[in-house]
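Paired with subunit B in one complex and with subunit C in the other, subunit A is shared by the two complexes that follow.
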Partner chain A sequence: MKNHLLLATVLMLVATSSFGQKFFTKSGKIDFDATSPASPEKIEGVNRTATCVVDTKTGAIQFAVLMKGFAFERALMEEHFNENYVESHKFPKAEFKGSIINNETINYAKDGTYSVTVKGKLTIHGETKEVETPGKLTVQGGKINANASFSILLSDYKVSIPGLVADKVSKTAKLIISCSLEPLKS
Partner chain B sequence: MKRKKIILYVLLSVLVIGGAVGIYIYKEYNRAHKDTAGLKPDFTVAANDLLKEFESNEQASNKKYWDMVLSVEGMVKDVTRDDRGFYSVILGDTTSLSSVRCSIDSIHGSEAASVKRGHIVSVKGICSGYNADDMLGSDIILVRSVIGQ
Partner chain C sequence: MKKLSSQFVTGVVLLLFSSNLFAQDEDLLKLVGGDEKPTKERVKYAFKSPRVINGHSMEFLNPGTMDFRILHRFGQLDQGYKNFFGLDQASMRMGFDFGILQNLMVGVGRSTYKKEVDAFIKYAPVRQSTGPWSSPVTFALVSGITMDGLPWADPNRKNFFTSRLAYYFQAIIGRKFSEGLTLQVSPTMVHKNLVQLQTDPNNIYAIGVGGRLKLSQRIAFTWDYSHVIIGMPDSGYYHPLSVGFDIETGGHVFQLHFSNSTGMNERAFITETTGKWGKAEVRFGFNLSRVFQIKKNKKANE
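And now, the complex of A and B:
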């Protein structure tokens, strides 16, 4: 009986300490913008099905997104993005694995907006590069909103732009991340 | 005289061909996305069977289903609406973390509004792939989806 009580107490402690430690979403939003000053129109796509998980204890942060899930206003632009640029049939997924390097400065138990710096490895088009970006975490009512915006050099990820449209498409792409994370109950 | 005629024909041909190319480029450039409602499904499958297939062999399943039009029937685990009014319908077994997540095409959003948890529905959409995740549960993503097809 004593052993059972002890086991129950240990299990409860483990459950309590792990509750709310990880936060996640499966409907994160990522905006992609490769509009250049010479572009005749905006070259923008949006993906609303990004998976993101944050471990508040360690500061580890991960993203996964399916490239085919980026929606563009024009059908032709979307086809070019998938077939010619990111080759999503060959490289269906983009991933980020990194950490919040100033995680200790965030009080996840207290509502507020915290400035963060995220650093890690970003894989797009089968190429992995180190990226670092400032961002904001807003803790509110037991949930976390994560926002960041940064630019990547398309050539770093071996995304080549055909000469014919080289001046119409920016050499860098701006990525705007916006996620509303909920506690993982497990 | 003959030479003049040839030049005229050449000029006319150039004009006709140029015009046709111009119209083609204009139409291609402005081509709208196809409404999934009007597309014939390449595969009709139950949500749980599709999940099992991807779980057992992700690579082969991706090859088979990626970019295909799927009609997936399953139980609605959840219906979500984001801050901009975009709906997602999540199909699958409530005892499992894995799901078929269907992003509803904005022009068909109103149809998703009437879908409730526990309903059995068919959703037709374009398969954009599989996100394997041991901790959060794995997902098959359908985009440009429509309900009840």
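And now, the complex of A and C:
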């Protein structure tokens, strides 16, 4: 009897995991904003080539972003971003590896908007830090829209701002993430 | 036996649970990566500025930007304290350069030396890149014209407007070897419509060697030398050599340097450098470059 119960549990676990599916995009959008009140101009960049994968079974969520893919209104700002701040020749990629900690509250089979909390390790400029942010997942017609917005402290990632422009660049950067994920056929 | 099998099942369950836990550390990105084709990518930022010091560099202005350049050359160091090591005298050139395409730019400038106006067009048919069909070097061509604005030396003779003009043609072959090191060679020809003496040649051929060694993110050591091969007058003229530092401060690039030439356009510094390094006939100088974005990058605004 006891064994049957266990077997049932096993079967259930196997069954639930087979329902789990992975979703992905290669054209996620990440906005970057380090404008400070004293900035003479907007310090904003946008990247539209972020890769994101979500495993709905485990709640695992991962991002990879090519730093060179950030476009700025001002060419000089883009040059400084790559050359001086994030050193994209040395650290070409930024990565996030984490999970949706309230994954069990999301019903991926049902359309709707779900509030989530994502926690994990963010690697920028070769530095890895733990981050946690609220976000929103919208399930619609078998696709998922993922949105989140959070701030990081640039000094956490050893992005140094020279004294001369210290008051013109914000010490924190705001990141706005919006991805439209499609089912991954494996 | 029964106990054993129940232990076994528990084990499987635990294993399943643990595999679920492990799954969070799994590299999901690998599932979607790997099929990216290598793309051709231009090598950027070989120099901080489209000029090494005096001469053109292999780098271009970004499209839609304007570079406002103020160049100063002071007097010779060997003048000593009397003229504060040359700082009492200054010669300058003001210039406006425009980036049109990633491989096309134009510029105009005016120097106090000989009241000369100059203009150029610079185009690169090939730019250094990585990936398939890439080129290991940038190959650029420059063509320029200069017009001196001094009163005629002898107003009594018949003077022609074209006598004020000189032209230069230059090819630049450059490579950014690493983040820290960039080198370039630039064969140049200068044609002067009118020369001072009958024995002076109208065509002067030179080969330029320039480079950059990055010392830190914002400071680089640069050098710029032109060796006149054909057409060097017998005495009184020297090959121009400039060495200095590029210092980048947010919006400006300062190029501080020492040079034996006063002239700040190709005609002037290649063919009319009268200072000799060995005799401390060297001048302190600086170029100040401020880049303005005239047309905003559309890619960032879609």
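Operating definition for what follows: the second predicted complex is superposed on the first by the 166 of 186 C-alpha atoms of A that agree within 3 Å, B and C clash if a C-alpha of one lies under 4 Å from a C-alpha of the other, contacts with A are read in each partner's own complex, and residues count from 1 in each chain.
Please note the rule applied: contacts are C-beta pairs under 8 Å (C-beta built on N, C-alpha and C of every residue); 3 or more make two chains touch, one makes a residue touch a chain.
As the structure is a prediction and not an experimental result, all values here were calculated from the model.
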Side-by-side fit of subunit B and subunit C on subunit A, or clash: clash
Partner chain(s) touched by A:26 [first = subunit B, second = subunit C, both, neither]: both
Touching partner for A:66 - first (subunit B), second (subunit C), both, neither: first
First, second, both or neither for A:99, with subunit B first and subunit C second: second
Partner chain(s) touched by A:111 [first = subunit B, second = subunit C, both, neither]: neither
First, second, both or neither for A:164, with subunit B first and subunit C second: second
Touching partner for A:89 - first (subunit B), second (subunit C), both, neither: both
Touching partner for A:75 - first (subunit B), second (subunit C), both, neither: both
Partner chain(s) touched by A:53 [first = subunit B, second = subunit C, both, neither]: both
Most subunit A residues touched (candidates subunit B, subunit C): C
Touched partner set for A:44, first subunit B, second subunit C, both or neither: second
Common ground on subunit A, meaning residues reached by subunit C in one complex and by subunit B in the other: 22, 24, 26, 51, 53, 64, 71, 74-76, 78, 89, 184, 186
Sites on subunit A touched by subunit B in the complex: 22, 24, 26-27, 29, 48-49, 51, 53, 64, 66-69, 71, 74-76, 78, 89, 92-93, 184, 186
Contacting residues of subunit C [partner subunit A, same complex]: 2, 5-6, 9-10, 12-13, 16-17, 20, 23-29, 31-33, 44-45, 62-65, 179, 217-218, 248-251, 291, 293, 296-297, 299-301
List of subunit B residues in touch with subunit A within their complex: 28-34, 62, 66-67, 80, 82, 86, 88, 101, 103, 126, 128-131, 133, 135-136, 139, 141, 143-144
Touch list for subunit A against partner subunit C, complex: 2-3, 6-7, 9-10, 13-14, 17, 22, 24, 26, 44-46, 51, 53-55, 57-60, 62, 64, 71-76, 78-80, 82-84, 87, 89-90, 95, 97, 99, 162, 164-165, 168, 184, 186
